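Let me give you the structure first, and then I'll get to my questions.
Order of writing sets the labels: A, B, C and D. Residues in every chain begin at 1.
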Amino acid sequence: MKKILKKNLQNLFAAISKETDLFLPVLNSAKNAEFKKWTEGTEYSEELNTVRSAKDFFFPQTENICDFKTSGKNIEIIENSELPENFAVFGVRACDLKSFEVLDNVFLSEPVDSFYKTRRENAVIFTMACNRPKETCFCHTFNINAADPKGDVECFEDETYVYLNPLTQKGKDLLNKVTSALEDETEEPVKKIKAEIEERLKNLPLYNLSAESFGSDKTEEFFNRKEWDELSEACLGCGTCTFVCPTCQCYDIKDFNTGHGVKRFRCWDSCMYSDFTKMSAGQPRTHQKERFRQRFMHKLVYYPTNNNGMFSCVGCGRCLKKCPISMNIVKVIKKLGGTANG
Amino acid sequence: MQTVTRNQLVEKAKELLNNGTVTRVLGIKKGEFSYDLTPAVFTSAEELEKEFEFNGFAAANFSKYLVKLADGEGKILVFLKPCDSYSFNQLLTEHRFNRENVYAVGIECDGFADYKKIEEEFNDGIKSVEFNGEKIEVTTLYDGKKELAFADYMLERCKNCKTKKIAAFDELLTENSDETKNTRFEEVEKLEAMTPDERYAFWRNELSRCIRCNACRDVCPACTCEKCVFNNPDSGVENKAIQNSFEENMFHIIRAFHVAGRCTDCGECSRVCPQHIPLHLLNRKFIKDINSFYGEYQAGAEVGNRAPLVNYTKEDIEPKDAVGRGSEE
Amino acid sequence: MQRIGVFVCWCGSNIAATVDVKAVAEALKSEPGVVFSTDYQYMCSQAGQDLIKEAIKEHKLTGLVICSCSPRMHENTFRKVAADSGINPYMVEIANIREQCSWVHKDKAIGTEKAIILARAAVAKVHLNTPLTPGESEVTKRALVIGGGIAGIQTALDIADAGYKVDIVETKPTIGGKMAQLDKTFPTLDCAACILTPKMVEVAQNENVRIFSYSEVTEVGGFVGNFTVKIKKKARYVKEDVCTGCGLCTEKCPMKKVPNDFNLGMNNKGAIYIPFAQAVPKVATIDPNYCNMLKNGKCGLCAKVCTAGAIDYTQKDEIIEEKYGAIVAATGYNPISLDKFDEFAYNQSKDVITSLEFERLTNAAGPTNGVLLRPSDLKHPKTIVFVQCVGSRCSADASKGKEYCSKICCMYTAKHAMLTRDKYPDTDVYVFYIDVRTPGKNFDEFYRRAVEEYGVHYIKGMVGKVIPEGDKLIVQGSDLLDNKQLKIEADLVVLAAAIEPDKSARNLATMLTASMDTNDFFTEAHPKLRPVESPTAGIFLSGTCQGPKDIPETVSQAGAAASKVIGLLAKDKLKGNPCVAHSDELMCNGCSSCERVCPYKAITYVDKEFRMPDRTTKVRRVAFVNEAVCQGCGACTVACPSGAMDLKGFKSKQIMAEVDAICK
Amino acid sequence: MQVNEFKPKIVAFCCNWCSYAGADLAGNNRLNYPDNVKIIRVPCSCRVNPMFILRAFQRGADGVILCGCHPGDCHYTSGNYYTRRRMALLFSMLEYLGIEKERTRVEWVSAAEGAKFSATMNEFCEQVAALGENKRLEDLRCKQ
């Protein structure tokens, strides 16, 4: 276990930055946190959630696939993916870290998504335990422990120090390169922090939320529930929930005609959109209700069915804050998941 | 703090359901917390009693829902705040729903709270928010109770409320007021006073946060197109995600232009933007320009008004004289 | 994928001197979709056209790009070539490499480069072209002539003689217009009434002509071949078909103090009146502003004396709706108001009059029965000063008057001067002029007779001031030829006031969607080649509503307008312009934005049932474009927020493809 | 003296009835203007959608000019009145976003004003050239 005085954090960031690009949550002008590349003077924000989740590092909103260059009647294919070299991310929360696992199941299973894979391999993740989880946090529901955030290097903080505990070889290697900025420390202070956090989690308003009634092979049980009508009636069909969600993974592949060629890229898509998976015969889910249902069924039933019962929600609470009409997965779980949830 | 109470609305809704005036009520449903309110349709007194909510966070503009809901069976009751009422008229002007299927009850409005601003105040979770006269009582998870002045934590649009006059209703639940305020262009004026470089930097900073989630568009009561140009591969501007600064500008310029003269300045776009981009400053620029070039115009003030962009006079200002005029005033 | 042929024209050396046409043709060969590309000396010649036709056959072309002169020049030529070879004519695009390239650039490399880019833009557009077919519409075989002066009368007669029905709408109680007020006409000095009134009678008696006198056009809808017009027949309180025109009522009417507008207010008439003896229709009209019976229910004398029982005090305005295939504007002119010309003392002295007033003073049917007496004291004027160009040919920045020449004043002033000297040789006649313009057949001879035979004093110079002094008018002017100031004691001053289009024309132009110039004269479709047509299809121009004219010019233009109308009415069906707006009803919101900007009222709305993706149905309000009415301006396409509205031939995608190609 | 080598790309939308004819007249009278001006023919200036203007900038234009009949002389009677409003608002908005106002212009050019067409294009080109390349509304993907 290593530690560093909070006021000296910049030294650590500087040291890491010498080795590799470093990204960390920074408060932007709208007073929201977003991941930004560290440069001299960039302040780390203790804000719990960034607006955009950490999935952007591995699955960015848009990504070049290749170019087709035309000249006259000729066409040539040019590789142009912009994959990053090694990089480190500091301040990833437990929920977002778990979301990588959700994405891995999709992108790293055959056929492997090489872009995603390269990015994952090139990253060192510093997590940060959540000292002050918010009322919208429910990672606990999905067996995620905000006091035990994992990652390549797991970090904890108290008033004065940030504690760093490398867990993987990648994490150890990077920390070894920056030891001069760090002091050694025992497990004790972190144990205290963990205990405090665990106590706090129990007092969260959504602590008792349970997704137990959902899971693998429950399609028939939930698909035709009449409550979907009511839950979806106010949905505007925008993509906010999917775009702030750390586990939403759908994308579209599009071509942009530049005038002298075509840029093929992929970009996030949203199952909430009316043109999602539109085919020659139209979009299979013709109503917003069906699209709405798809999103939650996927998180709570379809994904678990295909991934050994693992849910594809990590309880980060972003959608609770960002949905324009405040409809969200908690309301869905409560409505459909039985009385246990109040 | 709203003077209209939840109970007043529930009673009115029940009365109109019971006497058969309406079969459905468009209202707001309680959430997990005080702020996560969801628009909903109620069809019985029991539902209303159990789930209807109206508090200092009930800011949603109902009018857009009528495009979808006014087609249903029987009349639907809608409560129109001043903001909603202008959207309501504008949608009627554009034939977007059938007026006969709607029963509109006008309610006065004293402004709504901005949850984001309250949240910013604490590095903390927020357990509950109570509205008490001019005060907001916030109970946080870790630091106990805090008291805030309501006036400081209002939504931007409410702080600069353009008018408290309800422009459309079948019945008024409260008094109609003529109170208007003229502060809403101050931010636009500040921007106009900047140099082009400063303005460019300002907008780059704001618009670069856009994630093209379409929340602004999909909540906008003026954006009710059957198919938006940005979803239409044939339009030449279709895109699903923003790839660079051009596309950020493009989306927001075109969207603002498409609603120019039709936008009632209800402020929903800025309210719902997950990235807190001050989108209203785009729409208000158009409104300010329209007012100064072609005379005061409030979209939705009356049904049937001719929007400034589908109108003209022979003496209109020339583009070369119009550009930059705001900053010289 | 299209199979596009590119044809680069040399236009002799017009293009080839500045553009390497061979290089252009060669460069275009590598454009996707181009399967044939060549150059030729004169593409528009028969040989050039044959070359294109041959290439279409041989290379199975589906689209053509002609790099040549402006499309305004030969677009139709090449469209016809395409049509002759079985390609839709709208699959042709022109790259304008002459007017907008070779003629404005000098460097051959630069010209060539630009020509290639323009050609590529045209290719990009053709890729997205689709065959277009003009719509057809029936032609209503009836014409409307608005205005019953000599222009309207002549147009109506010519149309009627060709066997078509024609209606005249005249706002006054009688047709005849200005010409009916004139005494003699230059340069032949024949009596205006003697040549006009037979025509008035002829038109009234023609079976094909209906005259709506004392009527106004209030609404015009529709389009070429299919106009629907509402005409308001104002109540004249006299049954037109019963009145015999005996005139007894006009004599008996106790109200004698109504200014007689036919005599320009120089004498009075009754509240019930017939404008003049030869009026057509010769029926009485009651002026409701003066009639005691209509104003306060007292009198009723005219009804009592009318043996025919034609008086009807309860008559109301009547709206007639009629369909027309063509409309002719013949709304004529008026002298301008002289209120702003204080220097001539028009408003101060009764003896300063306009030329038209002078015309009435010398007319046998006028207020003085043709004896020249000045209005103030009915004495015979011994010295008369005519002032030319009053309000004509003013500088653009002047606060008053018109920039243009009113054209007729020189000649009628010469006429007035000559006639005065002829009838009253003891009268001194002076004419102040800027220039004397006599470019008509026998005009200059006429003017010279006035000067040489009749001794009219022509003074080159302008009058600065007219000062009434006792019973004299002191005219201060300058003689530019002798370079001296003059002061003439005159008994009568006659001002040649500028003429301007009738005030009703502006409003009418809006109804007709016909364009006007800044002076409110109707604009012709082409100033040289289409002088009697308005740019709006089916609207024709006759007489001075298009610009100042004398009678012979008016009559010949009236005939020309009539022949254009006849040419139109002779067709059973009309082909429209296929480049019209089209709304994709699946995307249309029914918001009415397009309808509001359409200058032609071409857009209407229908409730239409749609099958939704989930197989339910929904009724939605959607826009429908009447393709026969749409003129293809495209205003609606930008007003439409959803992009449902597009313009055939100029689709958004086509224009954007051109933009892309140009900016590449 | 430094010679400005930069040649801006200019897209000129011209209405068919007045301005396109005005451009033809400039040609007839051999009145030069820079070759980097390329004309797109539209039936009326009111056909020009703000999207076309942004598109031009996206694709590499450095300046966009719209030419139509003089107000009051529109072939379609009122088209250019709508253009005038639309462009007044659009250009004002672009300026508000910090985009150089000198890059856009509306000019009324009649069929008789060949000289005005040529002079306008010369002047506009100079004005845009002085600004340099369009950076603020560029789309790097479209650059060669």
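Heads up, the rule we're going with is that a residue touches a chain if its C-beta (ideal position, glycine included) is under 8 Å from a C-beta of that chain, and two chains touch if they have at least 3 such contacts.
Computed from a prediction, not measured in an experiment: that's the story for all the values here.
Between the contact lists of chain B and chain D, the overlap consists of A, C.
Across A-D and A-C, it is A-C that has more C-beta pairs touching. When every chain is reduced to the mean of its C-alpha atoms, the one closest to the centre of the whole protein set is D. Chain A and chain D have CA centres that are 47 Å apart. Centre to centre, using the average C-alpha position, chain A and chain C are separated by 71 Å. The geometric centre of chain A is 30 Å away from that of chain B, both derived from CA atoms.
The residues of chain C that reach two or more other chains are 597, 639, 652, 656, 660, 663-664, listed in rising order. Residue positions of chain B touching 2 or more other chains, listed in rising order: 229, 235-236, 243, 309-311. Annotation for chain D: residues 50-51, 55, 59-60, 72, 78, 82, 86, 141-142 touch two or more other chains. Taken as a graph of touching chains, this assembly is complete, with every chain in contact with every other. Remark: chain A residues 70, 72-73, 257, 259-260, 282-283, 286-287 touch chain C in the complex. Only residues 28-32, 34, 46-47, 51-52, 61-62, 132-137, 200, 203-206, 230, 233-234, 236-240, 242-244, 252, 254, 256, 265, 267-270, 273-275, 320-322, 324-328, 330-331, 334 of chain A touch chain B when the two sit together in their complex. The touching residues of chain D, counted against chain C in their complex, run 9, 11, 16-17, 20-21, 23-28, 30-33, 35, 38-44, 46-52, 55-56, 59-61, 72-79, 82, 86, 118, 142. Across the complex, chain C is touched by residues 71, 93-96, 224-229, 232, 234-236, 258-259, 262, 306-307, 309-311 of chain B. Of all residues in chain C, only 30-32, 612-614, 660-661, 663-664 touch chain A in the complex they form.
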